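The two complexes that follow have chain A in common; it is paired with chain B in the first and with chain C in the second.
So, the complex of A and B:
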């Protein structure tokens, strides 16, 4: 049943322009990052690591969270428009499957975005003429970044389900970026989704996580995902459909 | 015979006021049940509660003999519905929209082509729904409700937005559904004329309360016919009858009496004859269904 739900979600994304957001935002962030690196090469001397610090800053700190907020708002906008909540909720499918299907689709899209970002990063590095070996932490950054991105996606999906407006959840996402930055600076980065992304992607600090911190990182992400999924699905089961 | 669908004391309160209050619907197998009421009477809210879209404040819904609260998925898998305006994804074609319903309901391809054929949309199936006219969207909505060929079909004002030819066509379609596919149909409308031609039973709701439920015949017999009397001297007759406590209305050449018993008719005739007023006609005037409906709902302007 969940599989059929997921197929339906893919069908809904056909011909939609959301794919351009998925491509353009990473391109912009890598482009700005690369330009920044290129213009400041005298201070940025650690080749791939320096490039990551620039590119990752724009992507992980700003463009990726916004991208997630937009994609999640779009997923629910489809249902908020033209009374589609009714079609969804009168199908013989449990409410949880509708939410999980969207969640899984968003997670897959975010994995695609991470891969695209990796490709662009490599391309940018080649263009800047970097010759040294790639950072060995790269895979970890990308995977942990994806996990944290899915956590943020869970939060944004829940917000966009509740809030019928497209812009409001994106605005909240933008505020959360700054809250995350504040908490990261205050040393509380492990306790907020957006700063988990900062930590996971090694954006502001490239020192590897200790195994204790790695565990805390995983637990916090799972905790946020589980709690938000439960609350959102409970809400979906209980609330009246307003269409 | 057990009803396919019944509600027991179904109520919905928003804030301090009841939108729907103690509604007991009962729809039997193979029926076309017309659910009538002026706009804002609580029809849609009731239908939404039957589909589980809105939770009742009080009362229960039983469909196919099962409680809705505990068997939602089973009930929905055998129920098709179109509530208020149709649901659709505008950036997708009609066919793609149907495919989504097909996936969610796990149906074979032939159901989709059959349903599109029934509403005559197969020629427009590859057009984006955003480019559909209101009537075409409504047809798509009906196709989506029909696509699983459900046992119970719930249609809320299904002819909204259709032109007269389309209304006639959809009416014929609905009329044929119980026989062709063994469906039971619950259809709501604010127009009695629309329901009158297809429904086998009706329920009338106003301000959230059920006023009547039963066959159309029973509805017609609900109010006693008016009696019209024509005499040689209507003015004089009016005066004389007034002395006996009758107060007819002057209606052109006729005096009209609301709800008289047979004895009263005989009495009036006797009075007129003994007063030497020539009685030319005594006629029974059956009330039109529309005016019965308007009397019940007390709304002259239900539009």
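So, the complex of A and C:
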């Protein structure tokens, strides 16, 4: 049943043009980051690492969280329209399948965004004439970034399910970006989803995570995902819908 | 007036002002922290100029997305509730409904900008800056307000014309990006982007010379024509948006 729910979610996205939005934002982030790197090469001397610091800063710190919020709000948009909640809740499908199908689709879309970002980063590096080897941490940044992005996606899906307005969860997501930034600066980055993304993608500090921190990173992400999924599914089962 | 009153009445459970306030707190907190660090490092630069320049730069990033969110929420409630048909059957002109939405969005952003201005004055007084430069702050507020009004006109058109708010919010996000990097773009390019005017209309600009950042007060005679041109663009966007939305099927 879950597979059929996932294919239904894909069908809903078929003519949504969401792919354009998934493409536009990483392209702009990488473009500006590369231009900034190119113009300041005398200061930014660490080649691929410096380029990552430029392209990753805006993408990982601001635009990816907002992109996630927009995608998640879009996933629930149809349910909030035309009394569709009632139709969905009376279908012979469990609440967990409804939520998990959306969660899996969002995770796949975010993986696509991360891969696109990788491709653009490599292209940008070639354009800037970087000849050195790629950073060995690159795969780690991307995978950890994806895991943290899925955690934020879980939170945003739960918010967008609860709040009918399209823009309000995006606004909350943006406020959370700044809370995350503050917690990261205060050294509490491991305890908040949005600062987990900053740490995971090596946006502000590109030093490798210690094995202890890596474990804490994985545990915190799993914890947030599990708790939010459970609460959201429980709420879907128990609370009445507003269509 | 009655239509605007009803528009405001629709928000009573929306917590719109709370969201704007949280957003503003994040922006002002960040700007003040940056200014405080700058003052600690360069005590000779403790004054209104760095503060206004920092807030202008931050506004370029924060206000486009905040405007997009506010306008989207105000317009989306009609899309979500399927109330356009209901509204269009009332004995109220479509252009009046459009104007009421525009005015109510302007009220929200006006409150936000007023709070921001008060916070700037309070920060300056607490840090014993020179007497409050009324004329400088007035120019800053005017520039920010005009840019925000134009953005409201643009966002309202998109939010009302396209039911799917993904596009309106993406436009807001792209606008934030342009606002953030506006100063890095050549002036011939940046003048075509509405979002770049948060810094372009700021009364203070920064110049890097002698290994140091200097803050220069812009000549106001250069800003007025820009402000007037921007306002004309805003009115054109409003007019085209109003006509376009009024002519389409509800």
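In this text, the second predicted complex is superposed on the first by the 243 of 243 C-alpha atoms of A that agree within 3 Å, B and C clash if a C-alpha of one lies under 4 Å from a C-alpha of the other, contacts with A are read in each partner's own complex, and residues count from 1 in each chain.
In this section, a contact is a pair of C-beta atoms (placed from the backbone, for glycine too) under 8 Å apart; a residue touches a chain by one contact, two chains touch by 3 or more.
Since this is a predicted model, take the numbers as computed values, not measurements.
Engineer: After lining up the shared chain so the two structures overlap, which partner does A:15 touch, if you call chain B first and chain C second: first, second, both or neither?
Structural biologist: first
Engineer: In the overlay, work out which of chain B or chain C sits against more residues of chain A.
Structural biologist: Between chain B and chain C, the winner on chain A residue contacts is C.
Engineer: When the two structures are overlaid on chain A, which partner does A:174 contact: first (chain B), second (chain C), both, or neither?
Structural biologist: The answer is second: A:174 touches chain C but not chain B.
Engineer: Just to be sure I read the superposition right, which of the two partners does A:81 touch: chain B = first, chain C = second, or both, or neither?
Structural biologist: After superposition on chain A, A:81 lies in contact with both partners, chain B and chain C.
Engineer: Which holds for A:66: it touches chain B only (first), chain C only (second), both, or neither?
Structural biologist: second
Engineer: Applying the document's definition of touch, where does A:7 land relative to chain B and chain C: first, second, both, or neither?
Structural biologist: In the superposition, A:7 touches chain B alone.
Engineer: So, A:92: does it touch chain B (first), chain C (second), both, or neither?
Structural biologist: After superposing on A, A:92 lies in contact with chain B but is clear of chain C.
Engineer: Which residues of chain A are in contact with chain B in one complex and with chain C in the other?
Structural biologist: On chain A, the residues that contact chain B in one structure and chain C in the other are 16, 81-82.
Engineer: Of all residues in chain A, which touch chain B in the complex?
Structural biologist: 4-5, 7-8, 11-12, 14-16, 78, 81-94, 238, 240-241, 243
Engineer: Give every residue of chain A touching chain C within the complex, in rising order.
Structural biologist: Going through chain A, the ones touching chain C are 16, 18, 21, 24-25, 28-29, 32, 35-36, 39, 58, 62-63, 66-67, 70, 73-74, 77, 80-82, 164-168, 170-172, 174-175, 178-179.
Engineer: Which stretch or stretches of chain B touch chain A in the complex?
Structural biologist: 48, 51-55, 73-74, 76-77, 79, 81, 83-92, 96, 99-101, 103-106, 144
Engineer: For the complex, give me every residue of chain C touching chain A.
Structural biologist: 14, 19, 22-23, 26, 29-30, 65-66, 68-70, 72-73, 76-77, 80, 82, 164-170, 173-174, 176-177, 180-181, 184
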